[in-house]
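Next come two complexes built around chain A: one with chain B, the other with chain C.
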Partner chain A sequence: MVLEATMICIDNSEWMRNGDYAPSRFQAQADAVNLICGAKTQSNPENTVGVMTMAGKGVRVLVTPTSDLGKILACMHGLEVGAEANLSAAIQVAQLALKHRQNKRQQQRIIAFIGSPVKYDKKVLETIGKKLKKNNVSLDIVDFGETDDEKPEKLEALVAAVNSSDSSHIVHVPPGENALSDVLISTPIFTGEEGGSGFAASAAAAAATGAAGFEFDVDPNVDPELALALRLSMEEERARQEAIAKKAAEESSGAENKDHASSSNTDSVMAEAEPASNATADDKKDQPKDDDDAHLLQQALAMSMEEGSSGAAAVADAAMAEAAVDDQDLALALQMSVQDASMSSQSDMSKVFEDRSFVTSILNSLPGVDPNDPSVKDLLASLHGQGEQEKKEDQDKPEDEKK
Partner chain B sequence: MAAAAPAAAPAAAAAPAPTVPAPQVPRGQVDLVDFVDWSGVECLNQDSSHTVVNALKQGYRDDEGLYLASDSDEQLLIYIPFMQVVKLHSALFKGPEEEGPKTIKLFSNKEHMGFSNVSDYPPSDSLNLSSNHLVENKLVQLKYVKFQNVRSLTIFVDNNQSGSDVSKIQKIALYGTTVDTTNMKDLKKIEEH
Partner chain C sequence: MACLHDHSCEDHNCAADWSLFNHIDIPKVVALNESVAGSVKSVFKPWEQRLDTSGGFLESNEGDPELLIFIPFTSDVKIKSISVVGGADGTSPSRTRAFINREGIDFSDAQNMQPVQEWELGENLQGVLEYQTRYSRFQGVANLTLHFSENFGGDITKIYYIGLRGEATQNKRDVVATIVYEVMPNPSDHKTKSETGGGFSHVE
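Let's look at the complex of A and B:
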């Protein structure tokens, strides 16, 4: 949050036509400039930024330091690339522009993009640097583009001469896949001393695709509600996945024994709707059935209900109603094997389950069960298939019996 | 008007010869360190480990080990705003014989000067210190008439005694009176010390 006036020196010399930074060196530079302007004005609203060229038509100030971002972006349009960059003149002009800033309380900073070769000696650069330090001006250098054998050392010497208490920085950006602006975001040029890091971090998350350590690419500082919502839905999804995995495991182990399968089905359905099953059990006990057969049936149903059913009281009632109709068949089935009790009752259930829309509506009323949940759908499908199988068997058996 | 007699009165300097005589506050004047607006004090080209505070602040400036040093070259530009309007009478500079300041230019009421415009305006006063001044606590008289209405003072140290790359100043003291709240009774009390 340092109050600063910044002059950005753009290198628009012939060397900027090169395409080793996508799309061209000059474009990459322009993007970086835009980002920096945004960062500076965001970190402190009273900050001002100015832009000037080092080459092209000559050393010219395009925009005097202003906090109006629009002006700065507009002046970058229609810039010509050509000629050679004049670094020392540019720095002098930048110093002058900063000296005449409106708010004298602002710290002075120059950010220079140097993409063309540096023709000055180290000594000359060091004197330039000393002069800047004397006038309390900080200097940041972005060294990109042309790489002489000596360019990095020269620029390092320049920054060392200017640097007082770590306020000046230099960044070397080699050509490569990463955009110039992306590389710059993580540097102290962007992040400032400490204060600017909040913006820089969120800018990193927003601008760079490989987001810097934020979950779901959303900065909790910028958008806490969104971040929270994303996190919650992630957890819910995880829970659902685990439930599905559990069911799958159970179903696969239960496939060997149909009884077990049916019971496991009921179990898994129970997993979805446990609380309701207790209610249905209670309901069931309330139902008056005096017939022995009905009583047996009732017991069987009760057993299966307690093991687990889809659990809705309505379903139980419907099953009961149907059970009354198919009493005899059911009784026979019961006699066949006690183990099949749950199965037969399951057949009732299966009939109910056949009516998918009915089931869906039931499930809708259940707490904690989402009928659109793929796991529930799978379950219903499997129940449906199983139910049909069991039904066939039941029908076969009673028919055999009848015969 | 408190037409004060110069401070380096031998009669008042009662200390024996070997030790440096204590600076005598000129008659009718006050040490203006109390009226300095510390939030606005700035110094260009100072060494960050030897700042202007060492030379100005009460306590720091009397410590022999703490001094103000220049950084890139031997020039220094010190800006001192005051909390109210003052009149400057005299000044005291203390520093090492070799690296102490030699040529000093004073500018009154010029804000935010830079090294580039020190030669743009004529100084309100220009001092040429000798090593005597630096070592013996000799007060330097200023052109009183030029410093009648001082809101801020800019001190430009052009070079030092030996011409070395670093200028060092141990103490800067300014004496004068305040314009608004001059209380003659208070002046008398100070004089007695």
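Let's look at the complex of A and C:
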């Protein structure tokens, strides 16, 4: 929560047209700038951020330090790329902009994105650094883009000259798969001295949605309810996988004992689709607690390596698992369609309908159906031993009678 | 301890004269070009401890003898004189320029601005020298900025103690924080009780 005024120096020289950072160096830089502005203003509402260019039409200040994120995002739009970056002039201008900040209590900080080659000597850079240190300005450098032999050392020397009590940092970002912003999120440039802010942690979690394991680790710190919901849907999906895998095994082996096991699984899976029933949700929680993370990982690997219809169904299940949580009817319909697709026996469906409490709650959600109605009760009784289609017809009948 | 006064010190406590130390807002004291961040706070201590360096001292960065110290006070003060104890071997400051009631001065400002007063200092290792101020200019001081621009030839400048003598008034210099200017008066902002309908008119 340090009160800070920050000037961000953007490198919009010709070297930024290169595409080794997706989609282009300049675009990656713009994303990183937006993220940094957000993080700074969120960590302390009185922080101000300003933006200036080092190349292009020349060293000029696009936005003087302000806490208005909209202005900053707008000025990044329509920036042109060209010419060479003038680092020393840019740092001087940044210093001047910070000197004339409105709130003199703010600490002064410059963040420089240096993607083009550095043509200055180490000595010159060190004098620049000393001048910054004398005026109590911290400097963060993001070294990306062009790499020549001496650039990292020169920039390290610059940061070492400015650094007092660890307030200045340098980050080297090599080109690669990870976006520039993703790499920066975990660095002290983003997190600041206190070693982490809420914004940084949640942004990191959002950025890593691909890796399921990471989500579970970070979420409980930030948002326990979200963590719980994610874990439940993960378990549901996993249980669904097991159910489908077991059904596939059943049909090949044809053993009846497994029917009960799978149906009880589907019962519990479908029961979990009811957000209201906490009891069943508790049961669900107890089951996965037995598994440890290694098992989860194996499941995930197995899922990703599966091919064929069960794999396709797994993907479909994953998508549907999250969508189905809200709507019981939708869950029922999806479950039915999934089971049709994976060629499961219809006896499973009827076994599901044997679960009276579940059926009653489903019927409760259907408009116009009163479970205490004798016709509905007859219907329920007639469910056993009847096929799926018949049941549907019977259900339609009482609804028609109601109308 | 050697006093400059020609009376014997048993009668009164010299430390009481240097009591402005109590009115310095120490947490908000800031120095520029100090080698250890925050070490400037150790320079303000009671008169008796002026030669005691166990709490640390203020040192400038390597190769750069300039120092800029911003001293805010908890209430407005009148400053009579200043005493500075420096380091040995040419690390004592030789020239001081003072500015009052200006926040956020940095080195380029300090070098260009006309100071309220400046002094040539001597090497004051025992803390016996004090420098009088032009008292009329140092009335109602809310904050004081001292710029030590030169020293006696050392690579760095060391300061062990800064003492201020004077009086404290109980006034606090108020800063107008935010001013909203009206281009056009907005009547709804200026409703009196009678207009809003409800208040009894106050008759004394």
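Structure notes:
We take it that the second predicted complex is superposed on the first by the 205 of 403 C-alpha atoms of A that agree within 3 Å, B and C clash if a C-alpha of one lies under 4 Å from a C-alpha of the other, contacts with A are read in each partner's own complex, and residues count from 1 in each chain.
The rule is simple: contacts are C-beta pairs under 8 Å (C-beta built on N, C-alpha and C of every residue); 3 or more make two chains touch, one makes a residue touch a chain.
Remember, it's a predicted structure, so these values are computed and weren't measured experimentally.
With chain A as the common reference for superposition, the partners chain B and chain C occupy clashing space. In the superposition on chain A, A:H77 contacts neither chain B nor chain C. In the superposed model, A:N135 lies in contact with both chain B and chain C. When the two structures are aligned on the shared chain, A:S165 is found in touch with chain B and with chain C.
In the superposition on chain A, contact of A:K123 is made with neither chain B nor chain C. By the touch criterion defined above, A:K104 reaches both chain B and chain C. Comparing which residues of chain A touch chain B with which touch chain C, the overlap comprises 99, 104, 130, 133-136, 164-165.
Contact residues on chain A toward chain C in their complex (touch as defined above): 99, 104, 130, 133-136, 164-165.
If you check the complex, the residues on chain A that touch chain B are 99, 104, 130-131, 133-136, 164-165. Interface residues of chain C facing chain A in the complex, by the touch rule stated above, are 32-33, 35, 37, 61, 64, 66, 103-104, 106-108. Residues 44-45, 48, 71-73, 75, 111-112, 114-116 of chain B are the ones touching chain A in the complex.
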